[in-house]
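To keep things clear, I will list the structure first and then write my remarks on it.
The letters A, B, C and D name the chains in turn, as written, and every chain counts its residues from 1.
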């Protein structure tokens, strides 16, 4: 049953050192505010799962929160590489991290299998691909009817998943609209789920019946954080802040500049700053 | 501006757009030239179906997206599905006619590396990785590859098999039980390449206007084969060029300096 | 690419003797008009797939179209048993039929696997269940990571699927709303799909982005048949005709009465009669 | 009407409704008494989540549905998902606390037959079949069974294992690797039964008002066991009875004579 909490409470109660955690969002509704709170609370030895680790995982890795990253595409969307993640992989700064690399199809299927309560995902994938050789978590399984070799990967079962969504009802039900990505699966696959939302509305009585809705009893905590996806966007609320993504390429290129930026904009800030950051971006 | 002055990159994008048709269902993966797909849509293929792996089906953006999940892709799409559904029903389900891939490293058989330069465990450069490419390369009916020619990109041997093209050539796909065609076209800034029917090695079939065979060889890391009758790629038409340039101008205005993916 | 055709043309072009066919609809949007056209055209030796074979399969079986039925629940919803299907199974009238019986979970997963282009579906099912013993198409597969035994069934890959939906656009895209059942999966799993619709609208430009929509290039034929789901219902158009379901229990109880009813209401009728049948049922 | 006069069926429905709580997520499968679930929702458990396998999550019908896919289930639901999603994410995903099953044949260990009477290949009577039951019986955290007592229904040996209860009793579920509790409560028109902690055989724990042990035994095909202290089920309260009767009256008016499932 969803609790309505402050972001500090929600992260403190649901994210522990050593947890396997997913902060999901496929280029849209990326939970920046929640990731920043995790950084402020200084969690350690996290295993970070994400199809597209982008700026937030670059920040968490650069601040030394991560022990391991499970991913399928590590880029700054539309801009380039993730320089903090590269620095950790190539030079072990601020600490070395383990990586488990998959394809998007494998990651999406692994979340789907987790949501479906299965131990593994079965799909047609990795044929001729090099990841099979370097990732021992990629196995194969034979169709008992045709004999076809299919790929199998372990289901994702995060200890906790963080997502950002447009709306919650007063009961704690959550609505995700637009590019819904893997968020529903990431929430249902997790033991605990924390959702930051743009808005809390009275009820969902007038919604179309077939939208992407998560019932309150699938969610541990709902937090009202307007602008919480900045600099990514929230369909219906504000646009992507592209300048911030371009700026990140510059900030993340230098360890000291990165460290200074994180202190000013994350460690010494709070969730309340996000609302102001999206002011100019409302459509 | 006149069609006589165009850049090699513009020629590449327009040549790629010409390879797409109205009936294509095109999977525009990360790093793929959605510019080419959208020029096709805005010129000779108005009914082409463009799918981005973020889940947007039948999208028609007015400007080039910065990421494969921009809001406009969803706003202009027929429908937007979840990412697991996209990969299960639409890509794996065999619904995609053309998958468009870019490459950091490419070999003569259309195998692609976008994962690492150097050793996987101790990479010289850690690249973003494959994203959707490993399954795009095997699930789409055919694959088009587009990249600018450079000896460090078009190499004798790629450092990592991010996605499988024709492997070691010949019937390697069939031997792995892959029934799709794989790479059928390589569009560079200098030429059009098609796999040899038997060896499956990419062979130059058409040179872009003003490009010499030496130029092609000088920018390619393997010994280039040319087909018997190499044609010259028709230059961009007024309409193709203005469509591309207008699209890029709209994109620059919309995204403030960013080029779009 | 969807063609707009008459129901006669659509059935003649897409349904052949001996085909594996699914007429799907989970208590809602059941394609009665399409099934009646198949009966009028006298197709033979069909393998009928359906989670819930109800009145339409009772009618097709009673008229001798079916060689085999693949199903998970054979009842007249809210009323009772399927008397024509029982007569075929118990007494071979008008011909004996083969049955392949699954659970709902297996059937739903088999459609999902078909839509996903997989040869089989893998799920946690049939544990301790008797169907495992009598249905050779139920096998098991071991998770390569945990060793857990999971159930596997062949994917459904109908030659043709028939569904009824609320709307098509002029381009042939199809919208299904409300209880969407397994129709999307049944269409995507099939080689060919025929969709009867209540209404054809100009375009789908104003739809919410996350609805259940099938692009025109996944559909062979779109047919405008108002009332085509009667006596089942069409969310937003008309209610279920419960009296007709109760009446079916009486009609189907007697071979001669059944045969007479089918001649009067199906063989000697056409798709145009359906519009009138739902007149009194519009909300 | 006064609560002193109520039918055994009403007592059964109301006793079943009392077993449900506000926090339950209840899977109301075909043949299950959605009357009991909705009486619970309309009395002591207003926040109970009712799920019908047609895909409706958190539904609150004003009248009893005739089928598990009636329109009102969707109109009053929080959301409606596809049937594959229902069975994969919600049932198999372990989200359901209580699965409610009915039975044509039941044995003392809560194994259920709704498939055939007689031999499977040459049945005396071909019943509708299992529908969702095989997986409801193993995926829900616990299972409640409700049926009217009759010797032809409550039998020594069922003809077919449509869904698995406690098998041969004891730790049979655990031996099959099934971690859920299985049948924890049997509500009949005469009594409440719970499985013996060790043997897992259903044992009478409470007799409905005015019901004798002989009556229970006479309508049961196996030798009935009674627990040490058999209680008497509290009779329906005014509110319970009027809620049920109003619900059924509304249902009759809405569906013209049909009772609803």
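Rule of thumb we're sticking to: a residue touches a chain if its C-beta (ideal position, glycine included) is under 8 Å from a C-beta of that chain, and two chains touch if they have at least 3 such contacts.
Predicted, not measured: the structure shown is a model, and the values here were computed from it.
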item	value
Chain pair, B-C or A-B, that carries the greater number of C-beta contacts	A-B
Cα-centroid distance, chain A relative to chain C, in whole angstrom	39
Gap in Å, rounded to a whole number, between the CA centres of chain B and chain A	28
Centre distance in Å when chain B and chain D are each reduced to the mean of their C-alpha atoms	57
Overlap residues in chain C, where contacts from two or more other chains coincide	112, 116-118, 123-124, 148, 178, 180, 185, 209-212, 235
For chain D, residues that touch 2 or more chains besides their own	74, 80-81, 88, 92, 139
Pairwise touch network: line, ring, star, complete, or other	other
Each pair of chains that touches, named by its two labels	A-B, A-C, A-D, B-C, C-D
Parts of chain D lying in touch with chain C, wherever the complex brings them together	30, 53-56, 65-71, 73-74, 80-84, 86-88, 91-92, 115, 120-121, 123, 125-135, 137-139, 160-164, 167, 172-173, 176-178, 255-258, 260-261
Complex contact set, residues of chain A against chain B	26-28, 51-52, 71-75, 77-79, 81-82, 85-86, 89-90, 101, 103-105, 108-109, 111-112, 123-131, 134, 148-149, 178-182, 184-185, 212, 233, 235, 239-240, 242-243, 245-246
Touching residues (chain side chain D, partner chain A) in the complex	23, 25, 49, 57-58, 74-75, 77-81, 88-89, 92-95, 139
Contact footprint of chain D on chain A as seen in their complex	1, 112, 115-118, 173, 185, 188, 204, 207, 209-211, 213, 215, 217-218
Complex interface listing, chain C residues touching chain A	116-120, 122-124, 137, 139-141, 143-146, 148, 150, 152, 154, 177-178, 180, 208-212, 235
